[in-house]
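You will see two complexes here that share subunit A, one where it goes with subunit B and one where it goes with subunit C.
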Partner chain A sequence: MERFVFDSKIKNVLFGFMGLGVLCLAITFFIDDELHTRFWTNFLHNSVFFTGIAFISLFILSAFITAWAGWYALIKRIWEAYSLFLIPGLVLMLIVVIGLWGGFHHLYHWADAEAVAEDSILLGKKGFLNKGWYTVGTLIIVGIWIFFATKLRQLSLREDENQGMNFAVHRQMRVWAAAFLPIAGFSSAAIIWQWVMSVDAHWYSTLFAWYTGASWFVSAMTLTIMTLILLKNLGYFAKVTPEHLRDLGKYTFAFSIFWTYLWFSQYMLIWYGNVGEETIYFRERLDNYPVLFFGNLVLNFVLPFFILIREDNIRKYGTMMFASAFVFIGHWIDFFLMIKPGALHTAHETLAHHGATAEAAEHAAEAGHHAASTFEIGFTVPGFLEFGTMLGFLALFLFVVFRNMAKAPLDAVNDPYYAESLQHHA
Partner chain B sequence: MENSNKEVLFGLYDDEEILLKAVSQAKADHLNIMDVFSPFPVHGLDPILGLSHSRLPTAGFIYGAIGALTGFLFMTWVFTADWPIIFGGKPYFSAPAFIPITFELTVLFASVGMVFTFFIICGMGPGAVNPILDLRITDDKFCIAFDASHASDEEVSKYKSFFSATGASEVNTKTI
Partner chain C sequence: MSAVVSPIREPLITGGKSYHQITEDICSPTERTPTTAWVIAFILAVAGLAFYVFCVGWTIWQGIGSWNLNRTIGWGWDITNFVWWVGIGHAGTLISAILLLFRQKWRTGVNRAAEAMTIFAVICAGQFPLIHMGRLWLGFFIFPYPNTRGPLWVNFNSPLLWDVFAISTYFTVSLLFWYTGLVPDFATVRDRAKGLRKRMYNVLAFGWTGSAKHWQRWETLSKILAGLATPLVLSVHTIVSFDFATSVIPGWHTTIFPPYFVAGAIFSGFAMVQTLMLITRKVLNLEDYITIEHIDSMNKVILLTGTIVGVAYLTELFIAWYSGYIYEQFAFYNRVLGPYWWSYVGMMSCNVLSPQIFWWRSIRRNILITFLMSIFVNIGMWFERFVIIASTLARDYIPSSWSYYTPTWVEIGLFIGTLGLFSTCYLIFTRIAPVVAIAEIKSILKTGGDQYVGPNAHAHHASEQTTTH
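Moving on, here comes the complex of A and B:
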C-alpha cells in the first residue's frame, strides 16, 4: 500500500524555512519596542492562524463523515494529518498563556490590572476576559479538539485493518463526528472571542466568530489544495483527479463568498448603526490600513470569485495553485488586520501609562492624540519579517503534517466511501 | 422537440450501466444516435455522446452582471438625483447601503434569466408540444432513439441487431 515517505530532502527544505522563521522572530524580538509588541503579535497571529486551520480540518472531516460524503475519502488522510497539528497548536497557544501570566507581552488590554481598574467597560467584561478564563478556555477547548482529532484518527486507522464488509468502525466514527459538530460550533466561537476578538477589548461584534471561522475555513481549503498539488507533483495521490480538485475549489469558492457575506454584514451594520464604540474598529482600519483593508477584499473576494467561477479554471492544477496561494495570503492578511491594530493600540496605551523611559514618553505623546496613525512596517503593513515568520510557521505546520501522514497509508482503502471517491464525477 | 412526423426507432434499457455501454457501442459502430433519454442525469453520458458543455452558466453570469449594474445604478439615481434623502447623517451616495439591493437584483436577474433561457432553448413552456416516446422514460427506463424516417431496411435491421446485442429490454417504433 502506498505510503508517504518523508524523505530528508523535504525535511531539509522545511527545516530551512523553520530556521528562517526562528531567525525572523529573533530579529523582530531585538529590533522591537520594549514591550516586544511586534514579536508577540506575529507569534499570536501565526499561532491562531495555523491552529485554526488544524481545527477547521477536523471540523471538515466531521461534517463530511456526518453528511455521508463520499468524494473526500481519497484525500481524507491530509485532513487527518492537518487536524493533528492541534497538539503543537496547543503548545503555541500555551506560550501565549505563559506570556500572559508572566507579563511578557501586552497583547491584551484586559490583562493589564491597572487599566481594568479604571475602565468601566473592561470591568464589566472582567468575568470572561481574565487570565484564568483565557488559560482554562485554551486548555479545555483545544484539549477537547485534540481528543476528537486523535479519536477520529485512531478509528480511521483501525478501519484500515478491518477486513471484509464490516462498517462497525465507521459507525463509531459517525457518532464521534456528529458529536463533535455542535461542540466545534460553540467552542470555536468562545475561543475566537478570547484569542482574537479580545485584542480589541472594548469592541465586540456578534458576527465576529463566524467571520473568523469562515476565514479559517478558506485558509484550510486553499492550503489543502496547495498540499495536494505538491504531493501530486511528488508522485503521490495518483488517483486524485481534477474532479476532486473541482470539489475542493467549489468549497473555496463557496466559503470565499460566505466570508465576504459575513465581512460585509459586519461592516454594513456597524457603518449604518454609526455607534462610536463600534465604528472605531473600522475607522482605525480605514484610516491607517487602507491598502490592506481593501486589498483584503480584493484577494479574498474579487480574485477567487472571478477565477473560481469558471468551470474550466477550477479543474486546472496550475490555476488552482495560483488562486489558492493568493487567497491563502489574503486570509493571513485578514488575521493580520484582526490582531495588529488593536494590539498596537494597547501597546501605545501601556507605554503611555508606565511611560518612564525616553522612548516610552515619545510613544506616549503619539498615543495621546492619534495612536498608530503613522506608517509602521510590521504594524500597518506586513514586512519581510512578518512573511518570514509566516513561512516558518507554515514549515512547522507542514513538518507536523508530513510526519503524521508518513505514519499511515495514504489510501484509506477500507473506508466505505473509498470506491465512491475513486469514481467521483463532479 | 417539434412535431415533425419523424419515425423514431427506440430501445429501452433497464439500467444506466447497460445504457452507458450501449451508447459507447453505438459510437464505436458509427450509428447516428438521435437522442438519449433518461429519468435522471447519467454521470459520464455527456462525454460519450460528445456533447459540449452547456453555455447556460455564461448566460447566467451576464444576466447577473446586468442585474448588479441595474441595482447599483438605480439606487444611485434614486438617492442622488430623483429623491435624495439623508439617512442617519450619511451622504446621498452611500455605496454600502446599495449593496443589498444590488445583490438581490443580481440573484433575481441571473435566476429568472437562466430559467427563461433554458425554457426557450429546450422549447419548453406553455403551449409547447412534447412528444413522449414512452412514459416509463420519466420513471425507470433508459432510452436510445434513432431517427428511422429515411432509413433503409438494411439500416433498420442494423439498429435492431444493435439493440438486441446491447441488451435492450424492448424495441419500439413511434411516429412523433
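Moving on, here comes the complex of A and C:
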C-alpha cells in the first residue's frame, strides 16, 4: 500500500521556512511599538487562519461522510491530516491566552480593565468578553474539535483493517460525523466572536461567523489543491485524476461565490441601514485600507470566478496551482483585514492613554484623526515580515500534516466508496 | 459499462423494474379515469379556490380596511403568507439544480413534483403583494416602463422592487426548467396515446422524436438552466430578507437575514415536498420510485436546515444582547416574552426542537411521524414569519402607539384560499403530467435499481437472467 515518506529533503525545506517564520516574528518583535502590536496581530492572524483551516477540514470530512459522498475517498487522508493540526492550533491559541493573562499584548480592547470601566458598551459585554470566557471557550471548543478529529481519524484507520462487506466501522463514522456538524455550527460561531470579532470590541454582525467559516472553507480547499498537486509531483496519489481536481475546483468556485454572497450581504445591509455603530467598521477599512479592501474582492471573487468557470481550466494542474495560490493568499488577506484595523486602533488608544510621553502625543494625534491617511507597513498592507511569518506558519502546518500523513497509508482501500472514487468521472 | 456503485448504498428504485415497467407505472395514472379520492380532493380544492376568489373580491370591493392592519402594523398576514409561500417555492429548484450539481441520484424520484410545487407556490406567493395594493388593476405600476404618470415611478432603491425582479426571474427560470424536463416525458405519454390526446401531447412535447440530437440539446439546455437556477435559489429569499433587513427596525436589521432566510426557505420547501410526496406516492402507487430512502434523505435535509435555522435564531438572540443596543435587546425580549410569546414558542418548537427527533433513523423512516413532522414544520415556518413581522411591528419605538394585531376573517380566508389554489394546481398536474421524471428515473436504473445494487442485487439479477434465458 502506498505510503507517504516524510524524507529529510522535505523536512529541511520546511525547517528552513519555519526558521524564516521565527526570524520574521523576532524581527517584528524588536522593531515593534512598545505594545508589540504588529507581532501579536501577526501571531493571532496566522494562528486563527491555520487553526481554522484544520477545523474546517474536519467539517468537510464530516459533511462528506454524512452526505454519502463518494468521490473524495482517494484524497480523504489529506483532510484527516489537516484536521489533526487542531492540536498544535490549540497550543498556538493558548499562547494568545497566556499573553492575555500576562498582559503581554493589547489585541483586545475589552481586556483592558481601565478602558472597560469607563465604557458602557464594553461593560454590557463583560459577561462574554472577559479573560475567563476566552480561556475556557478556547480550551473547551478546540478541545471538542480535537476529540472529534482524533475519533474520526482512529475510525478511519481502523477501517483500513476492516475488510469485506462489513461496514460497521463506517456506520460508526457516520454517527460521529453527523454529531459533529451541529456542534461545529454552534461552537465555531461562539469562538470566532471571541477570537476575531471582539478585536473590534464595539462592533457586531450576526453574519460574521458564517462569513469567516466560508473564508476558511475556501482557504482549506485551495490549500488542499496545492498540497495534492505538490504530492502528485512527488509521485504520490497517482490514482488521483483531473476529475478529482475538477471536483476540488468546483468546491473552490462554488464557495468563492458563496463567500462573496456573504460578503455582499453583510456589506450591503450595513451600508443600507447606515447606522453609525455598524458602518464604522467598513468606513475604517475603506478609508485606511482601500488596497486590501478592494484587493480582497478581486482575489477572492473576480479571479476565481473567471478562472474556474472554464471547464478546461479546472482540470489543469498548472492553472489550478496558480489560481489556488492567489485565492489562498486572498483569504489570508481577508483575515488580515478582519484583525489588523481593530487591533491598531486599540493600540493607538492605549498608547495615547498610557504610553511614553513623546510617543503618546503622536498616537493621541493618530487616535484623534482617524480619517487622516496613516500608512503603516504591516497594517495598511502586509509587509515582507508578514509574508515571511505566514510562510513560517504554513511550513509548520505542512510539517504537522506530513508527519501525520506518513503514519498511515495514503490509500484508504477499505473505505466503502474507494471503488467509486477510483472510477470517478463527472 | 455502468458506473461503479459502492455496496454501502441502498437502492433507489425497488421492485426490480424494467424500463418498460417504469413507463407503465408512471404514465398510467394520467391515462386512467380519476379515482374517487382524487375527485373529492379536487372538489375541496376548488371550493378553497372559490373562497379565495370571494375574499379577494371582498378585499377589493371593501378596501384594505377589511383587514385588521392598524397604526404600526402596515403588514400582517399578507406578507407573512407571501414569505411563507416563497419559501416553500425553494425546494423544487434546490432539488433540481443544486442536487443535480452535487450528483445526488435520489433527486430523480422527487424533482418533477417538487418543481411543480415550486411553481404553484410562487404563484400563490405572488398574489399577496398584488392584493395588498388594494387596486389590483394598477398592479402593472410595479414595472418600470416609460409612462405618462409623471413622478409615479418605481423606486429602484427599494428592496420591494428588487423582489419583483427576483421573483419573476425565479418563476421564469423554474418554469423553463420544469418544462424542459417534461418535454421527453410528454413525448412518452404521446406515444402511448391515440386521437386528440395524442395530438395534444404532441404539441406539449414540441414534436420530440427522441433523436440523439434532441437528447444532446436537451442535456445542454438542462445544464445551462441548472447553472442559472443555482444562484436564483439563493437570490430570491435573500432579496425577500432584504425587505426587512435593509430597514433600521430593531429585530429586522441584522446581517444574518439573507443566508438564514434561504436556509429557512429550503427547510419549509422540503417539508412541503414531504407532505405532498407522502400522499402522492400512496395514492398513485409510486412507492417503488419514491422509496423510504428518499424520505430518509429528505428528512436529513429537514434536520440539517432546521438546525441551521436554530443556529441563526440563537445567533440573533445572542448578538442582540451582545450589541449593547437597548432597542435591539428589547425587540428580542419582546419576541420571546412579549404578547406574542406563543408564536415564538410555536416557531422554536416546530422548527428547531421537534425536527431533532430525526436524529434517529427509525423515525426518519417512519411514514406517519414524517408526515406529522412535515405539517409541523410548515406551521413552524409560518410562525417564524409571523414572529418576525407581527411581534416587531406591534411594538415600535413609541409605547403609546403599541397595539396588538389579530387578523379578520378576510385575511384568514385569503390564506386558506391560496391553499385551495395551490391544491387545485397540484391536483391538475398529477392528472396531466407524469409526476416522476420518467427519463431521469431511467437514467439511474442501472446504478439505483435494486436488481443492480443493494443487498439483493446478485440473487435478483441471477434469477432474472435464468427466467429470461
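As a working rule, the second predicted complex is superposed on the first by the 421 of 426 C-alpha atoms of A that agree within 3 Å, B and C clash if a C-alpha of one lies under 4 Å from a C-alpha of the other, contacts with A are read in each partner's own complex, and residues count from 1 in each chain.
Operating definition for what follows: a residue touches a chain if its C-beta (ideal position, glycine included) is under 8 Å from a C-beta of that chain, and two chains touch if they have at least 3 such contacts.
A quick note: this is a predicted structure, and the numbers were derived from the prediction, not measured.
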Putting subunit B and subunit C on the same copy of subunit A, do they fit or clash? clash
Is A:N300 in contact with subunit B, with subunit C, with both, or with neither (first, second, both, neither)? neither
Quick check on the superposed pair: does A:T252 touch subunit B, subunit C, both, or neither? Answer first, second, both or neither. neither
Is A:P182 touching anything from subunit B or subunit C once the two structures are fitted on A? First, second, both or neither. second
Partner, of subunit C and subunit B, that touches more residues belonging to subunit A: C
For A:I270, decide between first (touching subunit B), second (touching subunit C), both and neither. second
Which of subunit B and subunit C A:E420 touches, first, second, both or neither: second
Just checking: does A:T222 make contact with subunit B only, subunit C only, both, or neither of them? Give me first, second, both or neither. neither
Touching A:E311, do we find subunit B (first), subunit C (second), both, or neither? first
Shared subunit A contacts, counted only where both subunit B and subunit C touch the same residue: 268, 272, 274
Subunit C partner contacts - residues on subunit A that touch it in the complex: 66-68, 70, 120-121, 124-125, 128, 165, 167, 170, 178, 181-182, 185-186, 189, 193, 202, 204-210, 250, 254, 257, 261-262, 265-266, 268-270, 272-275, 277, 416-417, 419-420, 422-423, 426
Subunit A-touching residues of subunit C, taken from the complex the two chains share: 3-9, 101-104, 231, 234, 238, 242, 245-248, 253-259, 300, 304, 307-308, 311-312, 314-316, 319, 322-325, 359
Contact residues on subunit A for subunit B in the complex? 264, 267-268, 271-272, 274, 309, 311, 425
Taking the complex as given, what residues does subunit B use to touch subunit A? 43-44, 53, 57, 61, 88-90, 96-97, 99-100
